[in-house]
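What follows is chain A paired twice: with chain B in the first complex and chain C in the second.
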Partner chain A sequence: MIRFCRYLPVVVMLAFFLMSCATAPVSDVRPGQTPELESDEAGLWMHMDKIEKKLKHSDRIETDADLNQYVRDIVAKLKPELADDLRIYIVRTPHFNASMAPNGFMQLWTGALLRCENEAQLAYIIGHEIGHYQKRHSLQQWRVMRNTSSTLAFVSLATAVAGVGFVGDVASLVAVAGVFAYSRDQEREADQIGFDLMVKAGYDPLEAVKIWQQMEKEREAARDKKQFILFATHPKAEERIETLKTLAQQLTGTSGELDGFKTPYTAATATFRPQWLRDELRKRKYNASEVVLNNLLESGADPAQMCFFQGELHRLRAEEHDLKKSVDCYAKAIAHENTPAVAHRSMGLLQWKLGQKDDAVRCFKNYLEAAPDASDLDMIKAYIDELELENE
Partner chain B sequence: MNKRFFIFIAIILLLSACVQYKLVETGKPQLLAQAFEVEPQINWSKTAYKKIEKWTVDGPALEAITFYKGYVDGESLYTIHNAQKNLPVYRNSMTPNEIMEFFVDSLIAVDRAGYEWANFSASKATTSGLRPFKFAEQRGFRFDLEFSSANGLKYKGFVIGSVIEEKLYLICYSGEKQHYYPKYKAAAEKVVASLNLVEHNQ
Partner chain C sequence: MELKIIKNLPRFFVYFTILVFVSCTPATYNVRDNFKPAENKVSKILIMPLDIELSELTAGGLKEPKADWTQAAKTHIMSALDKSMRAVNANIQSCDPSVETPEQARINQQLSKLHEVVGGTILIHKYIPAFNLPTKKDSFDWTLGGGVKTLKDLYDADYAMFIYIRDSYASGGRKALIVGAALLGVTVQGGAQRGFVSLVDLNTGDIVWFNRIARGHGDLRSEKPATETVTYLLKGCPL
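Up next, the complex of A and B:
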């Protein structure tokens, strides 16, 4: 509320300033283009610059240089002439979303990166957002809103932008992303651009279809449909899937070799995946997360890691049959040579609860053997001592 | 007395009603949850809400000891209107590893729900060094904690805990990593060392 008050005068001034401007046709953005100083667009940019500054310093930003470079390279591959005008922020938030601000900063959430199976899918998401930027959709929306809505509605939109200046929690990130809720026609246009860009760069466009099919499966499995932020502002997934399928089919045999680029994507994201999976489970939306994990497993993600996280999901959900499923998943994970060491620990804790003390001791010892420098070494040794004492 | 004076007094009263800090005096034993006593070696200021009690010297955004007092099976660490179902739930069957997970997941869930945890952000909170620890001469555990503020300032902390008579007790000392954490760490350790289980139903 305090923040709202701080921004209110600026917002009201901005609102009235913008209301005084006439609607003009909007052309595509040109490389290096910035708005004229006294235009309504300049006011909009100025405000988004402030939000970007806050976002830049947020602890939610994934700062890893290699990962950021990898994403920037995809932008350059898709639209080299705009690459210098666009800034991408990888935001550690476990929901599927991406958004583009009018001044050229893009939010790419780690929930989207987790769900992409390959580079082609990520390229489609980025290409779609580039489409919004290229067509200056947010400026168009801003002007439509100004001309068709009541003053009150317009000011409330402006205050929504102002209120998210602190960019921290998920709600405020959503507010930044969703404040320019594009029209369906604009979304379709961005889809078409994203599609064209990905094909031109040599990516297989059927991957764009797959990611929407996957999201639809996830939404169907979820108990709480409201958690699907993207579905609130975008056209229906069914429509999108059909359109993209038709476009892809029209292309068959005309665009040479198209690829999903799975290997470079896996290489760029593998280090982060355990953390993103942990973030996913922390949402506590287990039914939807189960679909994500199953899909990753089916699409060829590391089975040891996926089985371990499936076990974690069942352990945390702890509904009927979950305990048994959890044991089964950990067992599958442990059967792989490259299983994460913590799978042994998780299995040990479960066996202990099930009263299988010998098995628990064996699992804990396996854990310590696999991770001799584990930071919970002393605690695990204490568990073993306790269990062995009980067995005597 | 003029009108301005009354407005000033009204504002002061309003502000003091919001803060509700009380002095915790050096050497005066403090009772926690009718179960433990601790003896502060320096003056602290305390505030409390439900099962959470917080002591600080320079302000909770800089350093604080937080006492989580007696959680039973099925309870969440925090209370959040409209988002309670998204919070992890404590179970009596939890091992120290799971309690550590429960603690940090609770901080993250509160953070995600848009509630500021004393102006901290837990999105990148990490724990380490889980080990056995005597908690008021009872069997307990201890682990270390790192997190940051929403705008990237680093914080450090430690947590000790125990389950006694099916109730979970946790004490977390945390502070800004470079200056405030070390500044009061010894005082916080003394509070922890002074923990004493008192007879029930006294």
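Up next, the complex of A and C:
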């Protein structure tokens, strides 16, 4: 320790040196701007062009024309001058995420679309990603990484020559933490831009706060460990909630009517929800998914569908009381006129498992009535025969 | 928001390890068992979009992709391929995205991805003795399968050539570091040329010839050394 303290000033100096060599500021991207062929930015674009080409033909891309047009329209509403430079790919992945590449392609994961309650929330996410593009964050991040790692290589060499290699190691840690801090600052900047864009377009900014509150709830339910902040790429959700709340409060009364635009969002996404919910349950993170389902139900999503998926969740989790809860949920789903046909089948399978054979047969018959062209028709008929034979 | 390049770093290490391993094996190319090209016939070879990236190796060990170098390399490689193939009575043709329907473009992209995977598998299981597969160690019978027929129909070619190259050059800083470290007796890796090429029979999808490159020299940025790299890459091509 004493030895380390002696070198502390050196470490601090090195750290400051590493931070200062980070990067010079870059200007905002201009509409239609492409990088000079000889620049580092052109290299990044070329690399990402290749990745985009692969992504474009991936089977995980949601290709529905209406849904894609809907999302593009939001981009145009938020930032019309950059709309022609941005390409959005809706990727079927059941996690909450979106990302922006330096060459202008944005990935929007269906897990994020599932979690949004209204257009305002989606607009905030898209606005945040537009912020990354506008500020050319990838380029800046790359330069910070490149310059820091290169300087570190020489620092390590120099400290090794001086016989104090551990000073180089400590400096490395400080520098890596510095790169992460830089990334968090970029996220804060993108948050601010996302907020400004959504307000300008007439969306209610309090919806942005709700997203982070929702994510916090999910994290708590999943009992995920909190990330060690020194090496986190994003600021903590608590911080983002506070910042956005403050910004939103400052706005109260200063602007006109603000809206969440719930109806158009539901119209654009409702048909995809069953698929996205099935994907969600495949993650097998049931405690977190439960929060997602409850929230959707509270925010007015189709109760027949939501109750069915809640039943599915309990059936799949199969912990204490889950089977009982599952029966209750399916019953609630079936009580609705527009219940999905598969709810009858799930209920039938569950009743069979619980030994309620008559109920099981009745449910299977209801299923076949509701879905006479079901692909598993023969299978279900065989189940019915088997159950009726046993009952005789 | 994350940089894909950073995510790909582990893959770079895998390739680097492969590079170290394969540098020890003597024969670099493989020809399909019992393959004989048609005699007295001018073969038509479709050159698939070149999967090439040139980069600068920074002092810190990151690879910075270089668009201008890559563009120049593509031009040099195409002209060198043209010359070499004419010499063996074959004609080359490039893919033309403008004649491809979106569906054909999708299939071609999938084929390129498939080739990348199959090629990577060959590199591991054919070139690293420790990973030889019991059923494949004495033969060379890899294939992309009948799906290549769309290429045959579209371009009316006999073969398709897939080329994958990652080529890096030490920056000034990296060179200084190499010298500095060498004084201390430590070796620091410089730029490297690595990649693989295969010739695929468009009637069957079979890979009839496969070669790899893995070395610490060569330069694709200017015409003359690029021609040397192409000659090296085409070693053992049975046409």
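To be clear about the criterion, the second predicted complex is superposed on the first by the 324 of 392 C-alpha atoms of A that agree within 3 Å, B and C clash if a C-alpha of one lies under 4 Å from a C-alpha of the other, contacts with A are read in each partner's own complex, and residues count from 1 in each chain.
Everything below uses one rule, namely that a contact is a pair of C-beta atoms (placed from the backbone, for glycine too) under 8 Å apart; a residue touches a chain by one contact, two chains touch by 3 or more.
On a predicted model such as this, the values are computed, not experimentally measured, just so you know.
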More residues of chain A in touch with chain C or with chain B?
C
Just checking: does A:Tyr383 make contact with chain B only, chain C only, both, or neither of them? Give me first, second, both or neither.
first
Looking at A:Leu349 after the superposition, I want to know if it touches chain B, chain C, both of them or none. Which is it: first, second, both, neither?
first
Counting only touches as set out at the top, which of chain B and chain C does A:Ser99 meet: first, second, both, neither?
second
Which partner does A:Met145 reach: the first (chain B), the second (chain C), both, or neither?
second
Going by the contact rule set out at the top, does A:Met46 touch chain B (first), chain C (second), both, or neither?
second
Give one of first, second, both or neither to describe whether A:Arg240 is in contact with chain B, with chain C, with both, or with none.
neither
Is A:Gln186 touching the first partner chain B, the second partner chain C, both, or neither of them?
second
Go through the superposed model and pick first if A:Glu129 touches only chain B, second if only chain C, both, or neither.
second
Tell me the contact category for A:His57 with respect to chain B and chain C: first, second, both or neither.
both
Overlap of the chain B and chain C footprints on chain A, residue-wise?
54, 57
Which positions of chain A touch chain C when the two form their complex?
35, 37-40, 42-48, 50-51, 53-54, 56-57, 99-101, 129, 132, 137-138, 141-142, 145-146, 148-154, 157, 160-161, 186-187, 190, 233
Would you mind writing out the residues of chain B in touch with chain A in their complex?
86, 88, 91, 93, 95-98, 105, 108-109, 111-116, 121, 123-124, 128-132, 141, 143, 148-152
Can you check the complex and tell me which residues of chain C touch chain A?
1-6, 51, 53, 55, 58-62, 64-68, 70-71, 105-106, 109-110, 113, 173, 177, 180-181, 184
Any idea which chain A residues touch chain B in the complex?
54, 57-60, 92-93, 166, 168-172, 282-284, 318, 345, 349, 352-353, 375-376, 378-379, 382-383
